[in-house]
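Shared between the two complexes below is chain A, which pairs with chain B and chain C, respectively.
And now, the complex of A and B:
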């Protein structure tokens, strides 16, 4: 189709642009503070793991990491679990107010988190849920549940309705049909939905930070600590940043074959 | 395609409604409540009517933040959409290059937003950042903490870095779905590269591009964490966007009334945009079903 022979240049330049700041962060994370502040080096002169050691030995640091993972996983499980039956309803039936309901769900995906910060804090205080993982997990459902419903509905609509009807004729009950036959059919859809829930819960900070103080504080919020307390510990800050990139990178790697498909549905 | 009418489907939707109602309706009611009341402390509230709304709509601060936010959104759209299309067009379609490109390009999307801010904050610093140092060595004055223009450039480049990949992935998915027969027909007709793009690829991308533009517009309209980390809304108020201003008002100054009124106006703008988005989406979906 007559594509330019040098078409690889554009993506390559773009990827270099994407990786430069990340390279700099990784570079810094292996340097001592002294080296970072005194000399300008493109490569650590004396590579050190001291910054990472700080994070893996100080509970205040590694707990932040664990906290983030706990609430992100909780949120992903809750979001996908409640979204599955709802998405099925939207993809298979028409019912009273379905269109309005769908639109209302969508508006929550578009709701600015800044609007919800203060009321969330008061609501969860009233229930005594401040500083718990479940509070953040439920709060993130605000934008992840609509998203999961949206993605799953797209995948479910691609499954022919005859499959449902045949299963019912064969005497399957709804729960048994749903878990035994239907869910395996849309396994990739569930994967894509879980990926996006993970992603948006992992990157969100404003709400997560507001709802936590110490016990459930996310790693991303712990990072702000170095800036205030110990007089700008750049090396540790960089190391913590690098560690927050890793889970995302791992998740992308595992779903790499589905990403394009998930986006293809245009449902993000 | 027609679906059977069945109101029992409500039972399947119920868990979602309960959950989202808890995290959306109750908080929203709190906001509405604050927006029409005033307080002298001690949790004593009295009716204030539309006072806060009038105040917000007349305040220069609100319009300034809204204006900055709109300018910001239009600039990033003007950069990210063409760049995203260009990169998607040039991406390989098969072979080992595909997963490599996809994984590397999706990387910025999965970095926590404040870490994105931190990365750029560090990257642009004159004393320890690669960008800041290199620019300084070339004799270019660059200081995003002092100079408003530089702060804006930094925030925009950061957003391009962070979100262009979303446009790329959407466009790529759209391009891959174009059947090969279209290209073969174009080759037989001797169509130029531009003609292929203009009459085959662009029309096929219309749907995903609309989604990309609307998503990027709305997300940039609610941007908070990244510019907050990098510039803190400064220097002065020059990079204070709507969300930053709102959080400053609600959490920083605890001005509940004005903050709540602003929240509602802000939310209504988003709601109107969502409605346009939804209408367009369902419209194009119908076009596709009927084969246009």
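And now, the complex of A and C:
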């Protein structure tokens, strides 16, 4: 009984510690620079939307968001489109070296992205792709395709092979079976895979910043370049941070029921 | 007519099907009977065209179909697991083969309604399969197989995962439902009683080989060899190794059994006697009965029947007795054999003599 009465303490503390930085970010985004730098306040004394106004009116700021969203969506579409057939092959067919190839895919995620920065920069320069959205989208495939393959393979292996065979017996051709029967079956898996691709591409900074200069500059890069003559613009930076969280929060809402399975790479 | 000619299937180093030859007539009901891993499913997959045989030929109406992809063959298959398309409604599940074939809307509607009425799925057409009970899910799969009007319908233990009552019900209906369509109907089962209830022809399988194929009662009464007899008996056939000298079989423990008329002409030598569990009696069945001593190992009571597992010499026997018997484990029991009901197998395991038909059963 005594134990049950205080059982709420630990989760509450945990959530407070988790949410504190986010609260502080939101808090700062509604303050003026003067208030941020001068006094300690738990909530804005003079709430202002000026910081947000700066972001939504200054092309240097809002273009960052547009660029990020363009290459992130491109990357998600490419990653999932490439991973779907690959995952199907891994889940349904046995071929020479299939297990090794499957594991090798994951090892791509084990190298720090910094390792790939130099070769990527050289290669993309050679092909004239520097500062384009597609360059970042393709570069991020290096991490996202293996991840999407692993997640989708897990979901696909949960579908009995007999469903495929029943469809073939019914007369379905492979493409028709895949789009009409199979993809709806693993819709949640596709959603989760897309979410993970979105997230990783959205938060990745190093490669995105190296491969872009102005036209495709991501928001995270914009945020690192806000030091002006008058010092850091704290309020605007905080507002930009808040806006960066929103797309991820939106996407996570749609796949919230499948996220745990996704983190287990579909193997639950 | 579906004809298999010396079909063999090898997976890795294992041979799943070895040298199977059989011919299935149109409009016939064929039961594949065998224990698990005897090759029933492998054989069905070969017939359907899901797998290619390693050697041998499969002909449909005289034409080889080995290279024909499964989409081009007119077959239907129902699995032991309830396999439907979970994202489609029951209606769309049943309509699926017709939609792929590009039939017009009215035909599809009529066919689906007809099949749904036959399998009593009408109230559930708008639900998805996962909202149905197991029996209804399997009926959906059966309805899909039915609407297709396939030349070859393969049912792989379709009732194994259903509860007892549903199984009884569906088993009685299945042959009727598919009979009028004039298809080749193949039904795999592990249960001898199911084969007998379905009738038709039975092929007994053992370790990837078809040991016998013929009319079901014929296979049951005159199994060609010991393996077939054991496959077609549940619990398996009891066995007793004996030596024939003159008109008597001599077994271990000084057993002497008078040879039945059917076995009288057999040459002296070693034989194996086979008798079904319900022909091993706990009470003497008549004056000709032979008494044997056995020790009780296990007893199982099902309600109307008792299974008594007995040890006799090195053999484990099962006796099936009516009613509930109170028999203690490790008790020494006198059991009885009726020489008229004995199968006699030679030392090569081939049938030497079968019990005569009982004139009045």
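Operating definition for what follows: the second predicted complex is superposed on the first by the 254 of 268 C-alpha atoms of A that agree within 3 Å, B and C clash if a C-alpha of one lies under 4 Å from a C-alpha of the other, contacts with A are read in each partner's own complex, and residues count from 1 in each chain.
Rule of thumb we're sticking to: a contact is a pair of C-beta atoms (placed from the backbone, for glycine too) under 8 Å apart; a residue touches a chain by one contact, two chains touch by 3 or more.
All figures in this text were calculated on a predicted structure; none of them were measured in a lab.
Student: Is the arrangement of chain B and chain C around the shared chain A a clash or a fit after superposition?
Tutor: fit
Student: Could you tell me if A:95 is touching chain B, chain C, both of them or neither one (first, second, both, neither)?
Tutor: first
Student: Compare chain B and chain C by how many residues of chain A each one touches, and report the one with more.
Tutor: Of chain B and chain C, B contacts more residues of chain A.
Student: Looking at the overlay, what does A:36 touch: chain B (first), chain C (second), both, or neither?
Tutor: first
Student: Quick test of understanding: once the structures are aligned on A, what is the angle at the Cα centre of chain A formed with chain B and chain C, as a multiple of 10 degrees?
Tutor: An angle of 90 degrees, rounded.
Student: With both complexes overlaid on chain A, does A:212 touch chain B (first), chain C (second), both or neither?
Tutor: neither
Student: Just chain B (first), just chain C (second), both, or neither: which does A:169 touch?
Tutor: Only chain C is touched by A:169; chain B is not.
Student: First (chain B), second (chain C), both or neither: which does A:17 touch?
Tutor: first
Student: Which partner chains sit in contact with A:142 here, chain B, chain C, both or neither? Use first/second/both/neither.
Tutor: first
Student: Which partner chains sit in contact with A:253 here, chain B, chain C, both or neither? Use first/second/both/neither.
Tutor: A:253 contacts chain B only, not chain C.
Student: Rounded to the nearest Å, state the minimum C-alpha distance from chain B to chain C in the superposed three-chain model.
Tutor: 9
Student: Enumerate the contact residues on chain B facing chain A in the complex.
Tutor: 3-10, 12-13, 15-17, 19-20, 22-24, 26-28, 30-31, 83, 86-87, 89-92, 97, 99, 101-115, 118-120, 122-123, 127-131, 133, 161, 164-166, 168-170, 172-174, 176-177, 183, 186-187, 193, 196, 207-208, 211, 215, 218, 221-222, 224-225, 242-244, 246-247, 250-251, 256, 259, 263, 266-267, 270-271, 273-275, 277-278
Student: Per the contact definition, I'd like the list of chain C residues that touch chain A in the complex.
Tutor: Those residues of chain C that touch chain A are 48, 50, 69-71, 75-77, 79, 81, 83-88, 96-97, 100-101, 141, 144, 148.
Student: Hey, which residues of chain A end up touching chain B in the complex?
Tutor: Against chain B, chain A makes touches at 1-4, 7-11, 14-15, 17-22, 24-25, 28, 36-37, 40, 42, 78, 82-83, 85-86, 88-90, 92-96, 98, 101, 103, 105-108, 110-120, 122-123, 138-139, 141-142, 145-146, 149, 199, 202-206, 210, 218-221, 223-224, 234, 237-238, 241, 244-245, 247-249, 251-253, 256-257, 259-261, 263-264, 266, 268.
Student: Can you list the residues on chain A that touch chain C in the complex?
Tutor: So the residues of chain A touching chain C come out as 160, 162-163, 165-173, 176, 181, 184-185, 187.
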